[in-house]
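Both of the next two complexes hold chain A, though its partner changes from chain B to chain C.
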Partner chain A sequence: MNRLAWTSLGLSLSFAAGAAAAQQAAPPTVSVSGQAARLCRIGAPKVQVGSAVNLGAVDGQTINISSLADSATLSTKAISFDIDFDALCNFSHAVQLSSDRGGLWRVATGAASSATFADGVPYHATLVWAGTQSTLEASAASVAPKTQVLDVNSPAGGALVVQFRVDSGATDKGAGVPLAAGTYQDTLTVTLGPQ
Partner chain B sequence: MTRLALLRFAAMGAAVALAIAAGPAVRAADTAGSQPLVIAGQVASTCQMSPATQGPGNLNVAFSAAGGGASQLAVNLMVDPSTARTQSVVGVVQFQVLCTGAHTLKVTSASGGLVNTTTTTTAGGFSTRADYSLQAAWAGASRSLTTSGSAASLDLSGADSASGALTVTVTVPSGEGPLVAGAYQDVISIDLSAN
Partner chain C sequence: MARITCLAAAALALPGAALATPASEGPAPTTAAFSLSGAAPKACGLGTAGQSTLDIGEMVDASTGELAAISNPPSTSITGSWCNTASTVSVVATPLVAQSFAGQPPTGFTKAVNYTATVSAWSTNAAAFATNGNEAGVQRDTTPGSQPQPAPTATTIDVAVGSFAAPAASDFLVADTDYSGAITITLTPNS
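And now, the complex of A and B:
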């Protein structure tokens, strides 16, 4: 079993032996060495449904919000859920949390809304990993990518958690502004890699 | 024994070398891993409308809220006492409306004029109906019609979100008739729905 494991690391063996066993001054030696490759792995997302607030259907890597707008105020309804990933990096590394659009933005289907209506919903995404955390503020200030990087100066493995939060009434046009009808979307990407 | 042992080592070394040669190349290190997540939410088109309030520019009319969403414009002096012909009347009613998306808005005169509800008998050139101008303004658009005895509607539907005052104006010109004595009435309904 151990030999098999060594071969997966790139095993090299060298041998030394005397010409005749009877005359050898020292027993033969076997030198074994290997190189562990630098690895970063991140598994599929697992949404913690039990503790979620205002979470809709989860379809693979698409997470749907149950009710983005409050039926009474017509503005943003609070959202809260955590996403777990089984992750591992065996060297000092960085975790990058990036948003494609810097907020949940309405997918444009026509003219932009007037100032009376909001088209964007800001959110916070907090990365919890290796005993530390870092928050990406997707503030919906403009439709633009946003990135947060967390450097980890040691190997780490276990559950990487992204805490996704939307505050009640939060919009790009100010607190409590009604949301224009439509589909709102952003893509959040978690990447583990070298610093 | 020693020689045999050395041969075995040699044989094993060859076997290992063959195995490495025959197997796939050592896999390149996976130093990065990434998981994208799509966060999506829907905001349905929704409309809200406040109860009616009296608008500006009223003439010869009294506004009152009747409750349950109904309101009333009561003409103070409908006909000239000396000619039995209509006096000028201007009644303005406003509703605060908000729609987060595409919507249908119709303002409908049920009777197509102010119709005598006391009698239908006409004689001697006297009339039992006073026609009026119905105007409605909403979200930068304005529509109007003149009643002519049958139900008629103004269509102010919109394809986008909008908010503000819906203003409905009833204008009875002076000089219609002469009118048969009795109570005259029409019902104007505002139908608003989100698409």
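And now, the complex of A and C:
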């Protein structure tokens, strides 16, 4: 690599280490790393009162129906309202909508009603989330839990909506059957988590 | 460097031998002139980083899903760096990008986290580069941050990261166990 040169009249020594061009240091790389944990969040329910039909008082997480029975027929009066939740999952996930009782069922306080009167009210609860939807049919066929699962193959965030609907005259004993007097109740639960 | 010195010493010994010849043993001494010249090329060398990876750790704020405030991120030093002439230190970096998340993130989410890489202790002012990735991790500007050093220098270079930010403040981070970016440091002799 070094170079030695002689001239005729004298001695000339020339040393050059390496190429004539300036040498640039090879760039080292420092890596930077981090991680983002899997996370799902869901906020408190917010009932969209403005567009609701037959909606009564909302007390925290308890939603009261204004008039479950039509005053003239004593059968079910139509109900419609939407419930919004601020929600987030930062990975592919599943949303589960579950009913504790599979319908709005009369809370038993005495003897069972006869076939003349209905004890249960079926409803539909449609989950709208991440550009897709899925409906839980709480058909009031029996007092039993019911669950609907919606798989979402991407992260999602924003408003998760549950559209709650009861059809006019819908009962467990058939259309238009009058409802037995009492309190009718069910609990809906929305769960976000891994698939 | 050591080889150059040795050769120069051997060359210098040649005329010395001629002058040592006694005048009584022959003709008057003659002289021969010679010149010496050498050139040391401009060069720089970068040492080894104390830590090859700066691990930021968990980046998600569990209460919001957005980027957490990252305080006291790790730093490192590159020891044994030198330039034998005036030089320029440059730094460029890539955003932290989720390595396992394929494709574009959904609206409102990001698979990239930006930060500023700072290289100090070489020049009077630190050289810095702020990554500018979008939610998909694509950078629009990769012009390195540079600072001059007017004198030959041999010192330790410090590398730090900070100012972490999502492309949009309201972005949620997609989950991933491996967000990775890279900082590239260059020492260049000035022409």
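Simple rule for what comes next: the second predicted complex is superposed on the first by the 165 of 195 C-alpha atoms of A that agree within 3 Å, B and C clash if a C-alpha of one lies under 4 Å from a C-alpha of the other, contacts with A are read in each partner's own complex, and residues count from 1 in each chain.
Just so it is clear, a contact is a pair of C-beta atoms (placed from the backbone, for glycine too) under 8 Å apart; a residue touches a chain by one contact, two chains touch by 3 or more.
What you are looking at is a predicted structure, and each value in this text was computed from that prediction instead of being measured.
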After lining up the shared chain so the two structures overlap, which partner does A:Gly176 touch, if you call chain B first and chain C second: first, second, both or neither? neither
Looking at A:Pro155 after the superposition, I want to know if it touches chain B, chain C, both of them or none. Which is it: first, second, both, neither? second
So which one touches more of the residues on chain A, chain B or chain C? B
Looking at A:Ser31 after the superposition, I want to know if it touches chain B, chain C, both of them or none. Which is it: first, second, both, neither? second
Under the stated touch criterion, which partner chain does A:Asn64 make contact with: chain B (first), chain C (second), both, or neither? first
Going through chain A, the residues touched by chain B and also by chain C turn out to be 10-11, 13, 15, 17, 20-22, 24, 28, 30, 37-39, 41, 91
Residue ranges of chain B in contact with chain A within the complex: 1-3, 5-6, 9-10, 13, 16, 19-20, 26-46, 48, 98, 100-102, 159-164, 194
Residue ranges of chain C touching chain A (in the complex, touch as defined): 1, 3-4, 7-8, 11, 14, 32-46, 48-49, 51-60, 62, 65, 76, 78, 81, 83, 85, 93, 96, 98, 105-106, 108-109, 113, 115, 117, 159, 161, 172-189, 191
Which chain A residues qualify as touching chain B in the complex? 7, 10-11, 13, 15, 17, 20-22, 24, 28, 30, 37-45, 56, 61-65, 67-69, 71, 74, 79, 83, 85, 87, 91, 104, 106, 110-111, 113-114, 116-117, 121, 123, 162, 164, 178-194
Where on chain A does chain C make contact in their complex? 2, 4, 10-39, 41, 88, 90-91, 130, 154-158
